[in-house]
Each structure stands twice: as C-alpha cells, then as structure tokens.
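In what comes next, chain A is part of two complexes: it sits with chain B in the first one and with chain C in the second one.
Right, the complex of A and B next:
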C-alpha cells in the first residue's frame, strides 16, 4: 500500500513538472488575469481565458490566471501580480474596479484593466465593449425590411448591457422608419428555451416580422419559433448564423478574446494611456456578420445602406446611441 | 388585445405540454407513496439524451426513445435508493437533481463546440405529443388508476402499504412500475422540450419545471382533474403575460413574470375540497 502511494506521489510530481510550461526569457511580457468564476464555464470567464491564451500565442507573453470570488481576493490577486512585476493585469468584470484602483496606487509599474466599468487612474483603465454598434445596424435592417413595421426583442434578464443593445436596435430601426415599433419581452432567465419560444411566438402573433434576442442559451427557443413560423431573426454575441441558417439573417458578434489581445498589444507597444477604452467596430472587437444564404433576401439598397453606416461607424464619423449604465 | 390573449391559449397548451407530462408522471408516483424531487433531473437528462440521439440518427422518434431511456436511467437510480435501500426520498431526489444538472452540464460544456450541439436538431413536423399528453394519457391513467385492480393496489401503496402486503402483492413492484410510468412521461417531456420547444439542448433548460410540477400535483390535490386544470391555468397565464409584455402597456415585467404563479395558486386554492395527501407519501 505504502509503495503504491509513493509511486502515485512520484507520478503526480513528474506529471506536474513535465506539465509546467517552460520558463520564458525574463524579457517576455507578463500578463495576469483575474476571473470571477471558473474559466471552464464556456461563457463569460472562458472567453477571457481564451483571450489570455491568444495573448500568449501572439505576443509570446508569460501568462497566469486566478479565480477570485470576493473583493478581498480581487485585491490579493491584483497585488500578487503587482508584487511579481507583471506588466498587465486584467480583472474580468466591473466589480474589479475598486481593487484595481487600490492595487494601481501600490504598484505603479503594472497596468490594471477591468472589463467594463468607469474607473480611470494613471495605470488603471476599463475596456468597454460596444455591441450596440452592431445591434443598431440590425435595427436598420429590420426597419427597412419589415413589412409590418414591427420587430420584437426577447431578453433574458433586464441587465443594463442588454437593455442598451435593445435601445440601439430600436434607435436603428426608427432611424429609417420613425413609426417603427419594437416590442420587448423579458423571460426572467437565460436557460429556459421553452419560455423564450413562447415569448417569441407571442411577439410573432402581435405582428412582429423580425426578432432579435439577448437570451444567451435560451435563444435556441427563439430560433425554433422563428423556424416554425418562417420569421426572420438575428443572432447575438456569437456568430449564431449556423444555428438556424434558414431564418437568421445576420449576427451581432462580440470578439472578447480580440479585445484582450488589443489591450495587451497597446501595453506591449507602450501605447497605453489612461482612459475608458471603448472597443467596438474600429478595433474589430464588434462586427456584423451576414448569413450569406439569406443576404440575398435583403434588398440591395438596404445592404448598401448598412454597409455605408458600418463604414461610418468604423471611421468614427457616426456615433451609435447607448443606454445609461 | 382580447384576440391576442385568445391567440395565446393554443400557444400555452403547446408550451406547457412538458409540464403536464411531468405533472402526470409525478401524480402516479405520489399516488404510489413516493415523492420524487428528482423529476427535474430526469427531464433534464432526457432533454440531453434526446438531442444526442436525434443528432446521431437524424430521427425524431429515436430522439424521443432516447429521452425515455435517459429519464429511466435517472429514475432507476432514484428507485434504487428510495425503494430498494429505503433512503429518505427528499434527500435522494435533491441529490439526483444536482447530479443530473452537473452531469448534463459537464457533457454539454465538453461537447459544446461539436456538431451535436451546434447544428439545429431534426425538424419536428407532426406533433402527436400534444394530443397524447392532454387527452390520451389522462384518459389511460384515469382508467388504469381508478378502474383496475392494479390501480387500486398502486394507490394502496400510497395509503396503506401494509394492506398491499397483506393480500400478497409487492409494494416495491408497484412502486417500480409507477416509477417506470413516470420515466416514460418525463422522458417524453424532456425530449419535447429540447426537440420541439427548443432547437437543441441548453444548460439547465428545464429551469424548475420539475418543481413546478410537484407543486401542481399538490395544489391539484393528487387528482387528474386538478393536474390538468392547474397546468392549463399556469400555462395560459404564462402565455398571457408574454402577450401583455408584448403589448407594451408599461406594466413592470417582473410583476408579469410572477403572474402565472399567483394565478395558479389562487385558482387551485379557491377550489373547494378536502386536502388530503396519500397517507404513506414519502415513507
């Protein structure tokens, strides 16, 4: 028994040693990441971790990540990166702002970035994603192409970020048709695809002929309803075009790993300036992805109009409205 | 507006079909003297096995069969502990829900990028499940539970198990059969949820339907009529509140989301009648 245990210990030690990444040269950039949950969640935390991996690949940076749950752990995590001389530390969520400000004072050589938020200090900045730039364009498509003058949106929970994308969608639709009506339903959660389907069918019954959703996983129910009734709809956050290729016209896509790489490159090239970093179309973090199979069902004028607007947003000559946070 | 609310009724009947199947299944089990909290886990597992099988075989029928198999596997686990080892049923049921949520969650996250979960599921064309759930199964159950010797014995397992033993019948066997009936019904419910109401599996997609089913059985006073009425009221109230949200009257949606629960509670409490649970429920 003892021998087996010793063997097991040896084996696990060997495994640990072999499994460790080779130490990088000391000149390599060091990047840390604090996540509020497990990086295996296939969602909010996983995309941040993916961003960290990309930073390692593209910039050959030395990377580290920690799962931190409480404000005390946020601070502790940031401090550990400051102490070890990291160049850059991400806190993945607006809840990391206070900890970033405190650690920022203590470790002026490390740059602290929070995902969303508004706190700025000489070495602290938030990055804020502008998915609204794409949802505004989806609104324009609906405003131009709808025959009933009505579109519906299905949300999981009424979070500021979700309400803001709906606000931009409505603004886009009403920019081309001032009388356009956007009906809103919240289902109260992000899991129940059955509820999302019921909500979507209610919207279709109320005359909506375009549907946009922010229901994450429950969006499957939205697509199911749209397929059944042959009503066109839009995907969100990820490129969802393949999930229902007969009805999804386009998706508003958010490239979170791209945003992490963007910020790391700024720091790497010594171009970082303390400010709120709005990351959207210009930084290629946000994009509108057409479903090529259905693009032909949209009139060429609308497509041209959307592409023109998209170019204006990218050039910075047109600003899309956002909700209050 | 009224026409829109009326239009919500057929939507409600379809959308609450999985709930009804769960309610009917739980009713049978509770009549046999067991409380199966694990029903939520059975449905969730069925949703996943149904999607996996339907994607592999491109067959809706096989999807539903796999759903039943998935629910039966979890149901058998419950039976093993609750019937065979006579462990506390509430504890077993809770553990089974957590197990199923964990298992399906892990499998889903591991395979999320594979075609099984990315591509749309096969089209569900002729819907036989709705008339089956709302008409055929209640009639069959009413006959089985109240018009046959088997039904009498099954109900006796819930009231006075000693009487069943006294006539030389096996309580355990009747409870296993009740669990099998529940497995078939919740298996269909889970498969319907994932294949007909959704275009595939989503993590924790049953989102509490099993628990709502449990309370409808109780508020429906362990009767088939109560089960049907409770589910219909809950479903119609849910669909109606979406219509109200869509009408944009400025009513806070949080209040509207709570409406189905309040309405169902009021209606089922308002029906006069003696409330009496099966005497040996949970023992």
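Right, the complex of A and C next:
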C-alpha cells in the first residue's frame, strides 16, 4: 500500500516535470547579484538588492539574484551567470574574490565585481567605498566645535573598514586641533543597543561632547544616550538625522545602491576598465548630509570650512587619509 | 496505512518499507516546495522543472550537486553513527569547523597529513563531550551544541588573529599550499573528496552491519542497559562512537577546506553540521542510505539556487525543505510504528 502510494506520488511528479519553462530572449543587459545572506535583512544584503533593483529601473536590465552561503555556492552562482551570458555579476563582500577570479577566467565575457576586496583581473574588479571622505569632515566639525577638546567614537566590531572611518574622523579633528583627543570603544557586536548606550554614556562621562558611531543597528543606543545627556552626535552609513533630530548634527551617508548603479552604467557604456574602483564623493556614493535644524548651532566659519574641504575632496585636490586594507 | 491489514504488512520486507517512508518524506518536501511556488505566482510544474534542470539537468548542475553532497554525506554519517549508538551528537557544526582548522594547520605537511589532522581534530573535539558525559553525566545534546559556539568563536579568533592572511586585510586565512589541495577528477570541477566520502560511507556500513563491534555499537544504542547486561562495555562503545562521529564531521570540514574553499573564514560551516541531522534522518541512520539522502539534499540546495536565479524564489527554501523532511520522517515513522 505504502509502495503504491509512493509510486503514485512519484508518477504525478514526473507528469508535472513535463512542463518546461520557455527560455527568455532579449537584448537587454543582464545583471546578477550574489549576496552572502537574505536580502530581507534590512542591512548589508538588503541594500545591495536595492541597488540591483535600481539597475533594473534605470538601465532596464534583466536582473537575477541568489542568496549564497558557501564558497561552493559562490562559484556555482558566478559560473551560472557566466554560462547564461550575463554582462555583469556582483558578489556582495570581500569573500567573493576567489570565486570571482575563478569564474572570471572561465567566462571572459562576463564582468565580475566584488564589494570591497583587492583582487583585479581583466574582467574582475572590486568596488571600495570611501566613507572616510565624509567621516573626515565630521571630525573637522567636532574638532572645531567641541568645548572639551574630546570626542568619542563607538564601534561594533573592530573591522578594518570601520577602524578606517575612525582613523579619518580622528585625522579630521586633529587637522584643526592637533591636541584633540578621540576616545574609542568597540562593543563587540552590531546589534546590542544597550551595550552601545552604556559605551556612549561612559564616553560622555569622560568629557566627550561629540559622539560618532559605526555600530549599525546598535547605533540606536548611541543616540538614546546622547539625547538623554544632550550631547551632539553624528549619524553614519544612512542619513540618520531623523532618528534623533535634536542631537544629530550631520550624517556620513553611503549610497550603496548608487554604487551598484554606477558600476552597472560603466559596464553598460563599455567604459569598464579592470582596476580597484574607489567610490566616494566624486561618484556621489558618499556624502555629508547636514541636519538643517541643528546646522545653525554650528559656527558659520566651521560650516564654510567644511564645505570648502568637501568641494576640494570632490574635485580630487584633497585626499583623505584612510586605513590600509 | 489504514487500509493495510496487520497480516498484509508482514509481506513487505522492512528495508522496502523503510525506503518507502524515505521516498514519501522526500516527495512531501518537494511537493511542499512546489506548492510554495504558487504563492510566488508560478506553476508547480514550472518550479519542479527548474529544480530538476538546476540540480541534475546538466553536467554543470550535476557537478554542483555532487560538490554539495560531499560535506552533507560526511556530516550525515557522523550523525548516523552517533545516533546508532544512542548519542545525540548535534555538534557536527563545531566538529566540522575544528576539522577544517586541523586540516589548515596540517596542510603544510601535505594532503594526507592535512586530512589526518582533520579527522583527529574532529574526533578530539567530539570526545570533549564524551569526557563530560563520563565525568559528570552531562548530556551530549547540551555539551555538543555548546561546543559548537566555542568552535565558531575559536575560528573567528583564528582568522582575525594568528591565522589571518599575511596581508592582514580581511578576516580570512591565506590559501592552503597547492600541494595540499585535493586533486580534481579529470577535467571536472569535482574534487577527489567525492570518492573519499563514498568510501567512508561504505566503511561505516561495513563497521555497523558486518562486524561484531558494529553489532555492539547498535546494541548500545538500542537499549543501553540490555547491552550492558549482555556483556557489552557500554562506555567504550560510547567513547568510540562519538570519536568516529566527530572524526567524520571533522573530515567533512577538512575536505571542504582542501577541495573547495582553500581558506578559512568566519562563516565557514554555513550549516553543514546541522544539515547532517536531516540527511541522517532521511536515510534512517543507514550509512548506505545516507549516500542517496546526501545526494537528494545536495540536489535540493543546488536546484534551489537555480530557482532563485531564474524564478526569484529565495534559495533559503532549501532550508524549509529540510525542515519538512524531518517533520515528515517523524510523522511517517511514528505512523508505521503505530500500525505495525
């Protein structure tokens, strides 16, 4: 009986298998994306997926994505895009470099882009974000406007990319006040808002009157502490000015979807050249966004100085220091 | 089955009815996936066609499936051996990681040394749980899962600290020396780990069903006190089963390192250890059945990738299918027990 039922189910399955999908044919650009996790994570992966959808909207490209967990899947995803004649395939993270190089060799007609990384081949390039260009300016604001000569930074995990934004922040502050002190605390994760709040309070108690964070979700705790103690602070990655409009002076904003569109346009217009793509102020991927409500609390000289520097960075006449990674 | 009379049941050999249960569970999972497709506005037939073509439809797809079946087969065997001895080793994930770590450290001495190190490291890591059982009667269900977390953090420390790549850029290790990498089979993308995994499965079957030690191991799992009264050294069986189980998960990690990733990084295990539980359950803890079961889950994962690339349905549905398989197996096995 069991056997019969199993056979019946199998037979009906085989019947269903007969219906095959018809291959689509079009001349539109084809773009694929591999993410290391779910695109519904409201963070790193979601923002890449948003970029992919922007590419679809702006360039009318045919898009596809896959959530990949293991290097075996990275390679398979890239190869599959190569096999199907995709023009461009993104791997969202440094961990996709090896797979991109391997697939790049096999499929020379497809261009493989990794988000961060340093591996370059004729059809493989990383794009690296220069958020430092904005955090440097935040440092200048803190250096000029602080009364105590001290600012605090709260980080999630001590990753090279995060340490580098702090390095630029400190360099910015010390460029206008050589004795300026920047105190650093890493909480060890990106989601414990309570820990971030405690870290912020301890920085405020130590005399810091400007706070900058790189704690992603946990940044919420940083803003709570600043609101309670009426200490000014900065937002990061997204425009966070609305999260605590009475204390956030400005945000260092990174437009990841914009970066994806920028790279896709290069490939679309046949302007791609293998190199490390530094994406920042000039490509409008990074920007400093003031909170208009609090901008008046900053002295006009500081605002003018920051805007002048910003223009110099955009023009390429001033280079912001960054960590080596 | 309600229609089958008890006397009618006896005519179906146990092995056949077991395969029937497994097939039904697998079918339920696939049917569940196909029905999910309706929610995405796709016809079930179209989804099944994509699943099939994306997992076994071309040599390219088949290689992807086999590549993913290797770690699943070994972690599945690891779970099967431990469960057979009555030990709930759900620490495959940690043993997988420690095995990879061992393989990485042994890689400078060549391929064989590296694989041996993986086996040894996995066995030792699993044996910590046994030691705690014998010393303080700590249940393996707890200790093995807690050891997973320790392994994850140990690996995280290693790739951020002592084993980080020489250039110091990213939290990952350098690649293992080319001499230690598993050779590819012919001109395929498939590494020799496929052969090793199948040989290990056959060896496990031989151990369990063709040796006296295997009988003692199974007796221990079947009824510990009865085995003890029958003169089986139960403690020795537990120690050995757990060590073998850990060794297999460790080997899985080593093969994944030497055959696929070539370097260590934080999210190295990606659930292979836990997936091994579903693999072993679908195979009903039979080593040879594990081969088919691992292939099934490998195909499912690979097909799910294609499903997302072409139909936009999240490849995470493969995880959903795993859950359905486990639930269906439990349901069908209880039913067949109740009716016999």
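The working rule: the second predicted complex is superposed on the first by the 300 of 325 C-alpha atoms of A that agree within 3 Å, B and C clash if a C-alpha of one lies under 4 Å from a C-alpha of the other, contacts with A are read in each partner's own complex, and residues count from 1 in each chain.
FYI, contacts are C-beta pairs under 8 Å (C-beta built on N, C-alpha and C of every residue); 3 or more make two chains touch, one makes a residue touch a chain.
Remember, predicted model here, so these are calculated numbers, not experimental data.
In the superposition on chain A, contact of A:68 is made with chain C only, not with chain B. Contacts of A:98 after superposition: chain C is touched, whereas chain B is not reached. Of the two partner chains placed by superposition, only chain C is touched by A:36; chain B is not.
Look at A:220: by the touch rule set out above, it reaches chain B but stays clear of chain C.
In the overlay built on the shared chain, the residue A:83 is in contact with chain C alone; chain B does not reach it. Chain contact summary for the complex, chain A toward chain C: residues 1-3, 5-6, 9-10, 13, 16-21, 32, 36, 38-39, 64-73, 75-77, 79-81, 83, 94-95, 98, 117-118, 159-160, 325.
In the complex of the two chains, the chain C residues touching chain A come out as 1, 3-4, 8, 12, 16-17, 20-21, 23-24, 27, 30-31, 34, 43-46, 48-50, 52-53, 60, 64, 67-68, 167-172, 175, 189, 256, 260-263, 265, 267, 270-272, 301-302, 305-306, 308-310, 312, 314-316, 336. Only residues 40-42, 152, 158, 183-189, 191-199, 201-203, 205-206, 208, 217-218, 220-221, 223-224, 227, 242-245 of chain A touch chain B when the two sit together in their complex.
Every residue of chain B that touches chain A in the complex is listed here, in rising order: 4, 7-8, 11-12, 15, 18, 109, 112, 118-120, 123, 193-194, 196-200, 202-205, 207, 209, 238-239, 242-243, 245-248, 253-254, 257.
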